[in-house]
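Structures are listed in the sections that come next.
Shared between the two complexes below is subunit A, which has subunit B as its partner in the first and subunit C in the second.
== the complex of A and B ==
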């Protein structure tokens, strides 16, 4: 399997009479895009706004962040099961809008929505603040139940992202990268002396708006399964997750999964990247055990020597993380865990809800309880009042000077447990 | 020039060995013993104005009185800093160094510093409030530690930013702080795995913490006579969230009246927990805090009585230190109210 990512660097997004991509500028015809989204009868109204790096702009509340991608060639279409049909993706060419994302906002769905600041202190806690962002503000019809509301916003975000990247079709990209991933038997023969590495991508599907979709299927209740890394880059996994904004895996994290990207880059060099195992984080202990045991069965069948395990969310998913660690280490498969911590505002509490002595190699992406005061912004996209109820905010979050005092768990993707950002903790 | 008061035991204070260990605190002007070498490192920027010397046994046997006497001796100097030791691996001396520093910091609100061998019991007990520089096991390390102490003391006196333990040489105080990195988390993870697979040295970013294990209380002898309370970390509060409990990392808990109620309804109660889908708890809060079931058991005589208030907080990315504090206060309140047992529900 071979996939080429055609990269188009976005310098600016502007509203225009006609949607197009030219000279690094993405022009968006709001009316046409709105009509496309309003095909969903559950949307009462939709508006759009633009946020640019360095502007004094705050976006709140944000449900999901998505990187615009669209298939130039190959089978299937981006976001299969939502935008594309359920046909296999991960081959041919995919056009990608770099330095650009969609951040869905509008009426808040649930507590677990986050903040992006385009400048100031908040902008140091995620990569999104360095991107040109198109914000669809989605307002559902009266009386829409929360679960349908969530699905409505989720799909609208994916459609917006696909629509944006579609504007680059048949154009010459600024850069392109090709990734190749052989069948397991082939790579086993080709790289017989390299350690075999598997990536365990733990996804949080517990129902109750903690859900992740693979080819459009909510993977709650599945036995652990395998997926090709190149499929993931074409949006085969998307987020419907309303977990804490600082450490939920948004759709962009799946599309650009940094563990997959790093393993693909090193495949055939100092390791042999066998593939990706999807392990659901259920809310029930038996299901957690079943998932971790079964993942370890698959790893053994694949002949894994080592693995990276990433977590989504916190609290009970730490049990999934630790069970996977223990079961794999017992089978002689070496593990590295990627997580984050909640060790209190002073950083002095235990930061994980579950531990195991086998977890001797752990990467942390920060303490989500860190308290910060984000300066006032000239402009707010969305509704700043929602900071009072979101994770990381509180009733007194809005200062008299318009600043926001929050824990960084409120900042979208700040402690991403796939290791997307550049942060860790140190003991002092 | 900044003023420092230095604390030493009888041995380093050059008053004698074990035979003088019962010595009460005495005060000497200027530096004594290791203080002389320290003063040289401090140079023109700070001076040791006085030295307090106390016998190890006297301090250990009369800690409260000794501390009070020592602080009284220090106070008139209005020092900018208190330094103790270095105490190396001397147990009684190490504990005294930690205690004097900790008490001086609390009383005078000034920086304090000592230096001990990491396994000294004083290091274990006082590493959180006090900067404790790591020393060798015995006084053979004196020559090495004095310059480190002097430089670190000047840094504290000038209010300069203190680096990490590995750079400065102090024993970690137990606070995890966020720092930005060059590599992203995934790159660091793959590097760590490659090293682990090759059997090379690697350093975990998060050593596994040690959890408290709480032994379960003995069972209630006769439930039919017991007063039972309900506690939830599932965020069920009266509508409007009167105590403004946060949806994550709660800083407080509430105590709410359920007198005369047999059932929690979405009209009067709600959830403020930010970690789960609130739809079903909003429909029927009994799903998280089962008042309906408890009242039924109460009517059937299964329990003596249900306490007419419940305790609620939000257990969502909530720090263990906060949870511990709430639990201590709630348990004490329960004891005062004559409650024998409690049912804890999450979400």
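== the complex of A and C ==
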């Protein structure tokens, strides 16, 4: 398969009478976009707001962050199973809005998390604060159950992202990148002397606000399976994870998965990137064992020499991470684990909830317990009141000057366990 | 894990501090009005006695110092003490102790009634999905 990403750099988003993309400006007709989203009868009303880099703006609460993409050519459509029909993606050309994202906001439950600050200290902890952000504010019909509410907000975000990128259709991109990925037999013959590397993408499926979707399917209870890396870039994996914002994998992390991007770039040069295995993180221990064993079976069938394994969330997923590490190493397959830590204010506490002696190559992406004081912002997008009930802050802990004392775990994507942000580990 | 005799024999013990579990229809509930860390400490001697963990004590993504509620499934039958269960509950206790000590007053104490109900609901959703996937009831 071959996929070209056509990149369009967004300098600004502006509301206008007609939606269009011209000279780096994305114009959005709010009325037309609202009508599109309100095709969903579960939405009572919808409004939009814009946040720009450097503005004194805080967005809270955030459920998902999505990079706008739309297929220019090839089979299927972006976000198959939600926006596109259930059809193979990952080929042809896909238009991508760079320096731009959608951040969905909405109160599904009474406790809230997920901050993006567009300036100040908080802005140094994620890449989203450097992007032009369109925020759909989704107000559901009364009496909607929480599962449907979550699904409504999730799908509205995906539709918004697709609508935005659709404005670039048939235009010349600012840049483009093409990625190729052959069949396994073909690459085995072509790159027979290169080390065979497989990527294990652990995804969480445990219940409300803790689920992940592949081609529209909630992948709870699946046996570990394989997916083409180019399919992932076309939005085949969608996040339904609304808890633990600092280290859940949002949809944008899947679309731009840094491990996949790096392996694709090095494929055929110094390694052979065999493919992506999806391993479900279940709440049940038997499921965890089954998933990790089955993943290691698949790795062995694929002839892997080495694995990169990324985690989603923390606590129980550390057991999935360590089981995968142990089972692969016992089969003679070298592993590198990517995670983050909760190791206290001073970094001295136990950082992971599970460990194994075979885990001798581990990359951390930060300490979620690191405390920061975020300055007051002039404007809050979302629900101002939620600042009082976010994790790490309450009515009493908000400073008299309006500053907010939180752990960086409350900041969207701050410790992303795919390595999307800048905090990482380097050998000295 | 012991999954035999699904329809006729209790295959699990449901240890919880979540009041919503009491009226959920889930059988074999053992309710304790306590916090998550204390619940883990109550579970530890049960594992010493030979009951194995069926679910991970740290289910979900909401940290034990943030959510006031947790439900843990144990095997209904005793056997030789399960080493993995012993390790996991020990690590979960240390993990929770460290997080509780982050602040003078742990975060789980700050929530209003509506937030508490939502934490209960999320915990129930997780345990229901776990039972559905594992086909235990």
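Heads up, the rule we're going with is that the second predicted complex is superposed on the first by the 406 of 428 C-alpha atoms of A that agree within 3 Å, B and C clash if a C-alpha of one lies under 4 Å from a C-alpha of the other, contacts with A are read in each partner's own complex, and residues count from 1 in each chain.
We take it that a residue touches a chain if its C-beta (ideal position, glycine included) is under 8 Å from a C-beta of that chain, and two chains touch if they have at least 3 such contacts.
All figures in this text were calculated on a predicted structure; none of them were measured in a lab.
Colleague: So, on subunit A, is it clash or fit between subunit B and subunit C?
Modeller: They clash.
Colleague: So in the superposed three-chain picture, is A:57 touching just subunit B, just subunit C, both, or none of them (first/second/both/neither)?
Modeller: Neither partner.
Colleague: Quick check on the superposed pair: does A:285 touch subunit B, subunit C, both, or neither? Answer first, second, both or neither.
Modeller: Touch status of A:285: second partner only.
Colleague: Should A:227 be classified as contacting the first partner (subunit B), the second (subunit C), both, or neither?
Modeller: A:227: touches no partner chain.
Colleague: Using the superposition on chain A described above, determine whether A:111 touches subunit B (first), subunit C (second), both, or neither.
Modeller: Touch status of A:111: both partners.
Colleague: Based on the superposed arrangement, let me know which partner A:315 touches: subunit B (first), subunit C (second), both, or neither?
Modeller: Both partners, subunit B and subunit C.
Colleague: Is A:208 touching anything from subunit B or subunit C once the two structures are fitted on A? First, second, both or neither.
Modeller: both
Colleague: If we overlay the two complexes on their shared chain A, which of subunit B and subunit C does A:350 touch? Say first, second, both or neither.
Modeller: The answer is both, since A:350 touches subunit B and subunit C.
Colleague: One more residue to check, A:302. First (subunit B), second (subunit C), both or neither?
Modeller: Neither: A:302 stays clear of subunit B and subunit C.
Colleague: Counting only touches as set out at the top, which of subunit B and subunit C does A:237 meet: first, second, both, neither?
Modeller: Neither partner.
Colleague: Going by the clash criterion at the top, which of the stretches 4-12, 58-66, 76-84 or 274-282 from subunit B hits subunit C after superposition?
Modeller: 274-282
Colleague: Output the subunit A positions appearing in both contact lists, the one against subunit B and the one against subunit C.
Modeller: 110-111, 146-147, 207-210, 243-244, 314-315, 342-345, 349-350, 355, 369, 389, 391-392, 394, 407, 409
Colleague: In their complex, what parts of subunit B are in touch with subunit A?
Modeller: Going through subunit B, the ones touching subunit A are 128, 162, 164-165, 172-190, 192-194, 196-197, 202, 204-206, 208-209, 211, 241, 244, 246-249, 251, 272-280, 315-322.
Colleague: Per the contact definition, I'd like the list of subunit C residues that touch subunit A in the complex.
Modeller: For this pair, the touching residues of subunit C are 1, 3, 53-64, 66, 73, 84, 87-88, 91-92, 94-95, 98-99, 101-102, 107, 110-112, 114-115, 117-119, 121-122, 125-130, 132-134.
Colleague: Within their complex, state which residues of subunit A touch subunit B.
Modeller: 110-112, 124, 145-147, 195, 197, 207-210, 242-244, 258-259, 261-263, 266, 270-271, 305-308, 314-315, 334, 336, 338-339, 341-352, 355-357, 359-370, 389-396, 407-409, 416-428
Colleague: What does subunit A use to touch subunit C in their complex?
Modeller: So the residues of subunit A touching subunit C come out as 109-111, 146-147, 204-210, 220-221, 241, 243-244, 248, 282-288, 313-316, 319, 342-345, 349-350, 353-355, 369, 389, 391-392, 394, 407, 409.
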